[in-house]
Amino acid sequence: MNMQRLDRNAIARRVARDIPEGAYVNLGIGLPTLVANYLPADRDIFLQSENGLLGMGPAPDEGNIDWDLINAGKQPVTLLTGGCYFHHGDSFTMMRGGHIDICVMGAFQVSVNGDLANWHTGAPDAIPAVGGAMDLAVGARQVFVMMDLQTKAGECKLVRACTYPLTGLACVSRIYSDVGVFSVGPDGARVIEMVEGHSLDDLRAITGLELEIGSER
Amino acid sequence: MIDKVVSTMEQAVAELHDGAAIMISGFGDAGSPHELIQAVIDHGATDLTIISNNAGSGETGIAALIKAGRIRKVICSFPRMAASHHFDAAYRAGKLELELVPQGNLAARIQAAGSGLGAVFTPTGYGTQLAEGKETRDIDGRMYVLEYPIHADFALVKARAGDRWGNLVYRKAARNFGPIMAMAAKSTIVQVSEVVPLGALDPEAVVTPGVFVKKLVLASSNAQPAAA
Amino acid sequence: MNMQRLDRNAIARRVARDIPEGAYVNLGIGLPTLVANYLPADRDIFLQSENGLLGMGPAPDEGNIDWDLINAGKQPVTLLTGGCYFHHGDSFTMMRGGHIDICVMGAFQVSVNGDLANWHTGAPDAIPAVGGAMDLAVGARQVFVMMDLQTKAGECKLVRACTYPLTGLACVSRIYSDVGVFSVGPDGARVIEMVEGHSLDDLRAITGLELEIGSER
Amino acid sequence: MIDKVVSTMEQAVAELHDGAAIMISGFGDAGSPHELIQAVIDHGATDLTIISNNAGSGETGIAALIKAGRIRKVICSFPRMAASHHFDAAYRAGKLELELVPQGNLAARIQAAGSGLGAVFTPTGYGTQLAEGKETRDIDGRMYVLEYPIHADFALVKARAGDRWGNLVYRKAARNFGPIMAMAAKSTIVQVSEVVPLGALDPEAVVTPGVFVKKLVLASSNAQPAAA
């Protein structure tokens, strides 16, 4: 298929649109950090970083890098006026205790019921690393996944059941992808929004799923 | 713009409802949010469960709530105080259920609720009346009791200062249960002596990050409690 | 018997003698707070109070009372230079987690193996209150009990087995009393020190126990 | 007079021993006590278990300890980093045991050790490989995994400033695991950028009370880590 696809920045912009003012948000390492670039400056949205920041701001100017002030991906960031620091116990109290409204993570696979696989390819020689992904998966009120719907090899990443090692069970509520937005959960996967130029049949073909158009749950 | 500061005590407690579980900060009078408790009385909500270290003394604070007949159950560590006559009378009359919890288990259970844990094995209370009927376990040769989180619909907290995002600092030993209760309740309501501009609180010294706070209200009389 | 007995201040002074420099100490409400009066000012000893103080100082002058700065007994205190404040979670981490070297508590009864009963008389009409006693009993590295060896009615409070409701099992290591100092524990009760004018036979008579002179364990 | 400040890195780590379990603060390089880790290398202790969020990168810190062959086991959440070649090589060669722990469970288990809890039921990891073989339980309709405390003989922590009683404050996101590790180890050793007189730290803003600290040492080069 040769359809129009959103690039990573366009997906990030689309995710940002669904983050309301006042939300406490954790952006996972990698792709999701782009979302921060599209949050409107006139909206108070609170970015939390697992390493002990609330009110995380954008990257500093070259001359103002402070390596004691980094994000979960170990990139230099800033702290907004009104932000604060805390230790890892308090940070994961926020994350595990249901205090984060939305987390945005990447994924290897998401199943139609919301299972998430994003920490391990399962390759026997891979060095495993999990970080805070499993805590966010169970702890955030809403888990958004941001990903291309297919791998470079063309395999669909929205699946009936994950084959990669799981990060969390039935935790994802929304997938923001290069071809559209999906809801997943107890009622299965639905199409919330399609990127212009796509049809429901296109998405059924890509996913191999009997997708229907769904409204917000 | 997010501004969690509300103008009146009435607005602060507007969402209260009958049957609510309410955490109330304070150790004796230090850190007890007396004005918010008065607002609860004015609001009229009843059949409340109160989670607090003590059960009130004198005629104000939790004691006034008990006197007004609004409390169904108290979960606390130390209800007996010099002037806890309102608690004593209601308890002896069978009008009030008491769940007595060792103070550290009270803290641990509140922290478990705030941090999303399902239960914790604590050594405190093992072999005593307060662990009767509870699950116990030998872990590495020591005995522990399984204790469950204490959740609450609301926390009423007293702090020294806060900003519009809800960041808080406390005053001396009036800090006590405030920070952990703020983490554990669905909705945390704070009375402060001072509302400060965003950025006025040192980000290294914020004790309660704003994520744990729903509303703040200035308590003009948020002074030190008078001598008991 | 009509022997010489230490008064509460003399017992407090005796307890203070056994608190080494650098110790982190929690003094229970009531009688044990007197111990603070006898800690030598030239020794750094750290008093912890369950309500969130470390480095607790003496009572303030009449004019300097601050009701936000109280001890566990809700009496006004001060904070030493170098002291600090913390919340109840951290306070009971100190107490339960084995970070307090010595706690001193009063007692209704202590058994020869170190069981402690000090929170409830067991009277059916009593209003129960436990506070932090059970946490200290299990959490402090050493639990010292400070008490008169007999009740006003003449009943011995050092017993074979407690009849009052327990605070903690096998937790007390030392009893400082008006007639002497005892060790209790797995080896039973021993007399460490007798107040002048007392004999081992006196103490055996009071306690009804086959006490022996013990050395420090 | 109690003065926990020692003069040299050598004195700071003098009690280390072969086979010790050592917590090391830091999230990547931020908050990693590089000078103390170098002192561990100089000390010679081996067969160590390291508890830390990461497993080192580049040629310094935990990476240098691995390179020197001193580590038997690493308990961490995220060993794979841009320059974690020393970990990668030792792990692939089977010279190093890895216990991978979700970051929040790592924090919770460290906190459980510090606070004397015997075990906690956490929702994190349920149904995943990292909970395989572990006890699980349905509590109020949600599934939890039983996780045990992680204790340590030593914690090596980096802080910004400390006084002779061991009170500490940290710097920005270099705080991370420092405060909870200080609570969990039998003996906590801290490198600070500044030793301040007693009373110089605001008692409201002390993050780690001195009770959790055994020794402090000034790290003259306790600057921000250089760009990775």
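As written, the chains take the letters A, B, C and D, and residue 1 is the first residue of each chain.
Definition applied: contacts are C-beta pairs under 8 Å (C-beta built on N, C-alpha and C of every residue); 3 or more make two chains touch, one makes a residue touch a chain.
Just so it is clear, the structure is predicted and the values come from calculations on it, not from any experiment.
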item: Other chains in touch with both subunit A and subunit B; value: D
item: Taking each chain's C-alpha mean as its centre, the one farthest from subunit A; value: C
item: Centroid distance [mean C-alpha coordinates] between subunit D and subunit A, Å; value: 29
item: Averaged-CA centre spacing for the pair subunit C and subunit A, given as whole angstrom; value: 55
item: Chain centre separation (subunit B, subunit D; CA means) in Å; value: 33
item: Multi-partner residues of subunit D (each touching 2 or more other chains); value: 108, 111, 115-117, 122-123, 170-172, 204, 207
item: Residues of subunit A whose C-beta touches two or more other chains; value: 79, 85-86, 89, 92, 96, 138-139
item: Chain-chain contacts as defined at top; value: A-B, A-D, B-C, B-D, C-D
item: Residues of subunit C touching subunit B in the complex; value: 49-53, 65-70, 74, 79, 85-89, 91-92, 95-96, 120, 125, 127-135, 137-139, 165-169
item: For the subunit D and subunit A complex, residues of the former touching the latter; value: 27-31, 53, 77-81, 84, 87-88, 91-92, 98, 100-105, 107-108, 110-111, 122-130, 170-180, 207, 224-228
item: Residue ranges of subunit C touching subunit D (in the complex, touch as defined); value: 21-22, 24, 44, 46, 48, 54-55, 79, 81-86, 89-90, 92-94, 96-100, 138-139
item: Of subunit B, residues touching subunit A in the complex; value: 1-2, 111, 113-117, 163-165, 167, 183, 198-199, 201, 203-204, 206, 209-212
item: In the complex, subunit B residues that touch subunit D; value: 108, 112, 115-123, 137, 139-140, 142, 144, 148, 169-172, 202, 204-205, 207
